[in-house]
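Next, two complexes with subunit A in common: one pairs it with subunit B, the other with subunit C.
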Partner chain A sequence: METIPIRVLFFGKAREIVKCDEQSERVPVDADYQRLFKMIFEERFPELKEIASSCMLAVDQHFCRPDSKVELYPNSEIAVIPPLSGG
Partner chain B sequence: MSVYRRGLAEIGINRTPLPNRSKPATLKANINSEEKLKNSADSTTLSTVPEIDYSSRVDDDHYYMLKSPYQLKTPVIRESTPKKMELLQDEEPIERFDGVDDDGRFHLEEFARPAPVLKATLTQYVGNAEPIERFGGTDEDDGRFHFDEPFGDCPVLLERDYGMDQNLSKADVERYSRQLLVHEFGVNGQKELKAARVLVVGAGGLGCPTAMYLAGAGVGTLGIADFDMVSKDNLHRQVAHSETLVGKLKVDSLKQSILSNIAVRTFSTVLNGAQTMDIAKDFDVVADCSDNAATRYMLNDVCVFLNKPLVSGSALRWEGQLTVYNYGEDGPCYRCLFPHPPAAHLVTNCSEGGQKDCAVCGEAPTIHAPIDYEVFCGSGVVDKNPSLSLLDPNERVSVSEYSTARKSPTILVDTRPKHEFAIASLPEARNIPMDSLKQLEDIELRKLLGLSEAADVFVICHRGNDSQLAVRLIQERFKSEIESNGFQVKDIVGGYDRWAEEIDQEFPRY
Partner chain C sequence: MSSTKSLAPVLALVGCTNSGKTTIARCLVDTIQKLGKSAAMIEQDDDYLLAHQVEKVPRKHNPDDFYYHYDQISALNVGGLEKRLLEARQKADFVIIEGNMIAEIKEIMQLVDKVIFFTIDQKTCRRRREQRTYDPPDVEGYFDQIVWPAYLEHVRNAMSQARLDDRFVFVDVSSENDKATEKEVFEVIEAISRDFIKITSQTLELDAAMKLLRLPNCGATSIFIGTTRDTFDGKEVLQLSYESYDEMAYPELRKLCSSVRATFPTVERLIVWHRVGEVPVTEASVIIAAASPHRKDAIQAVSMAIDELKARIPIWKKESYADGEHSWKENEEWKVGKPKETSSSQIATYTKPQGDAKFFWLHELIQQLERLRKD
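Right, the complex of A and B next:
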């Protein structure tokens, strides 16, 4: 399977847990949302598991929903966005 | 048009009391019947108008201007012709003038003729309302128009036709000129903004600028909801609140910073779902500037039920998020993106990764009315720092017990992060942040903790939550030493915050 490099960006609580802003990863070029989600929260960054259910992913600055079509390109940005409630 | 009508109650309630005056004038509140019932106090006769030096002048535009005896929105007097009056009945007053009552009647000079039309009274300054009543009157050849009614209902004459948009007044044009000149915004933008009613929930770090800029730009009605009081540590970012209002309600404080031409409605209560439904129905847009998950889910659901767009802002430390929810036919709601509330301590099913159908706006919604959001989120609206109760009472000491204990040799472990430790600490405190406690090897940690000193170990943090976790952690890691050396590990209830409150008022609270 062809893989491409992507950037995973962490925000809010996710950034606190992973202790960095950004990580580079390689993913299959045809990964869909569910695959990306599983890969990030279970395989690459299992420490994020505890917040997984309240997080969403945005791909190249577009919020995704579980049934969203995801198109990945080399260096696509996958943002891990937990809800932020501060006011 | 609804803009100002919505603001009526506010205007009425806040009417500045008028000083006594020898000749009473009547201020009629010709508000529409529904509001009249609600605000019956507004319909009462004001028998007082201030004893002031009324002056008047004719300016370059031939407007006759009268000084106001009233402190509030004053009515408009404009030159007109009968024909124009007919045509312009629906036009909104552009500028407000005050009424003169020097003999129990309202007098207008030359320019007022022919007979003026009462379009809106003081309390019912309602934009482009229909004239309520036409006044009869006479010109007694003294150059003034005399009303038959003795009155105080300040008449409003319609304006000359300058081809202006009927929803914008001369004052609007002058005030908002800079944004009218931005062609993407222009007259239409201004008009729509003026007709808009926005409810800002939360008068804090996000609510202050949101409300101030909306008001500055000329929003029609501004609602502000917040139950909280201004505190000193709000001032650095909630810049609408002034130092003199620390301890006062945030809604009142923010309202004082809002430009006087904006109708403001305030709601100083902890909002529940039902109340919010009732409040939000009178607004066009809801701005979520709240600081907790429960309120965010509540506002989302209410906006879905009422079909209102939700502009949601949130910020923490260096990050912020701005999202518009429930906007347009396909726009997702907050629950679409975040179906599960954040619950850091719950083990969650990871493979789930969101739900396909939204519980509130999906194909087959399961939530049809506001729910209990505090239960749903497992966290409160009011209590920003819920206190943890992990340890048994005999594993804890109060600040006063510690103040006695520290007279003998003790070990005080301060679990706050380094940057908090740098703010202030007790002299005997040794800083071992939570992260270090968790990560350090036993041998290093033992040295840092000073367990060999065999003195009792006390653990302190900012408010007394982490200190409990730390006590448990130390107890588990050094169980055998604790048992064999016979010392105790206890946390200090309420942490430095309680220490500053009860033991040493000079200790800085933050």
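Right, the complex of A and C next:
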């Protein structure tokens, strides 16, 4: 399976839990949302599991839903989005 | 007489390769000339150094071979570029300078009045880059190793500069099609001339917002100011700070303005400003304001904008309490309905002023620049 390099970005509480802003990872080029979610919250950063149910992912600056079609490119940005609190 | 002529305003068009900067610049120059004024256009890419003067970077997958790194300032003759800009400022009524690195060149930025930074997504950029021929031609892997990482760096730099520098405006021009029409160019000009978006670490000034909203045909101005509070659940709040995912927040804010505009088409001007970093208690963390001919639309537009902001703009607030604890807040609006999937950003335009819209919005842009000059 062909894999590509991507960047995982953390914000707010997620950033605090993993203690970093950004991590480089490799994922299968055809990974879907569920696969990315599992990879991030279970395999690579299990410490995020406690907040997983309240988080979303954004791929290349677009919000994604579990049924979203995800298109990944080299250096794509996957952001872990905990509950928003702007305003 | 050149000795009495005031220096021309300088507009910088910056951003991703293949975002359409050059097309937009040419279109603006053309239209300014139709208004009977002179406009000069300066392209950064005319001041590249010769290949042998450009840094060589080993290729990741073949270290014996290398790329010429054209996506960094050291590949440019900055002095030459600066000289052309200084001359153009003396001669023309209006100057447009375009290039992907302009915002990072100190000498040039000292001369610039406003920066429009065009962002695009990788899908759009990659597709367009593949369709064009470059001199020297793109070699395999150049996009992945040099072009895109350099762009991400440029965006990050520009957005962090913008937190302290009000001259920056961001507009996302990701699109399914590759040839911007004149109509689309002026939709961009309209969007940035009527919707004012800012993510800043500086104090939010209501006076500055009011200046942007003053219009002869608007009888109503509605303003929401969100300020930080000193207590939460009986606990004393010592400090509040906000963080933002700027690369996503800017295009999302632009979309927010478009959807507010679609719902309340009589809104003439919309301001959405958010402060980030530490915000002392009692100071404004957000200002949302709208101007329209009659009050209802202005009031409802502001209400919709703050609800949407809380539901979908990637910004987070941390409260630190006197007892040493802290917590990341969660907006009700987010809990009720998490954001839907979003596609590439769209700029919507709804009202057309009398006469030709393109001249109207160009005129507006020029006026705003001239006002900046006076302030």
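The rule is short, and it goes like this: the second predicted complex is superposed on the first by the 85 of 87 C-alpha atoms of A that agree within 3 Å, B and C clash if a C-alpha of one lies under 4 Å from a C-alpha of the other, contacts with A are read in each partner's own complex, and residues count from 1 in each chain.
One rule holds in what follows: a residue touches a chain if its C-beta (ideal position, glycine included) is under 8 Å from a C-beta of that chain, and two chains touch if they have at least 3 such contacts.
Computed from a predicted structure; not experimentally measured.
Novice: Now for A:65: first (subunit B), second (subunit C), both, or neither, which partner does it touch?
Specialist: The answer is both, since A:65 touches subunit B and subunit C.
Novice: Quick one: is A:56 in contact with subunit B, with subunit C, with both, or with neither? Answer first, second, both or neither.
Specialist: both
Novice: Is A:83 touching anything from subunit B or subunit C once the two structures are fitted on A? First, second, both or neither.
Specialist: Both partners, subunit B and subunit C.
Novice: Once the structures are superposed on A, label A:75 by its partner contacts, choosing first (subunit B), second (subunit C), both or neither.
Specialist: The second partner, subunit C, only.
Novice: May I ask you to decide whether A:25 touches subunit B, subunit C, both, or neither, giving the answer as first, second, both or neither?
Specialist: After superposing on A, A:25 lies clear of both subunit B and subunit C.
Novice: Determine, under the contact definition given at the top, whether A:37 touches first (subunit B), second (subunit C), both, or neither.
Specialist: first
Novice: Counting only touches as set out at the top, which of subunit B and subunit C does A:12 meet: first, second, both, neither?
Specialist: After superposing on A, A:12 lies in contact with both subunit B and subunit C.
Novice: Under the contact rule defined above, give the subunit A residues that sit at the interface with subunit B and also at the interface with subunit C.
Specialist: Comparing the two interfaces on subunit A, one with subunit B and one with subunit C, the shared residues are 11-13, 15, 54, 56, 63, 65, 81-87.
Novice: Quick check: in the complex, which residue numbers of subunit A touch subunit B?
Specialist: These residues of subunit A touch subunit B: 11-13, 15, 33-34, 37-38, 41-42, 49-54, 56, 63, 65-67, 81-87.
Novice: Enumerate the contact residues on subunit C facing subunit A in the complex.
Specialist: Checking each residue of subunit C against subunit A gives 121-123, 126, 144, 148-149, 152, 226, 242-245, 247-248, 251-252, 274, 285-286, 306, 309-318, 328-331, 334-335, 338-344.
Novice: Mind pulling up the subunit A residues that touch subunit C in the complex?
Specialist: Subunit A residues touching subunit C: 9, 11-13, 15-16, 54, 56, 58, 60-65, 68, 71, 73-77, 79, 81-87.
Novice: Which residues, counting only subunit B, touch subunit A once they are in their complex?
Specialist: 202, 204-207, 289-293, 296, 313-316, 319-321, 332, 336-338, 340-356
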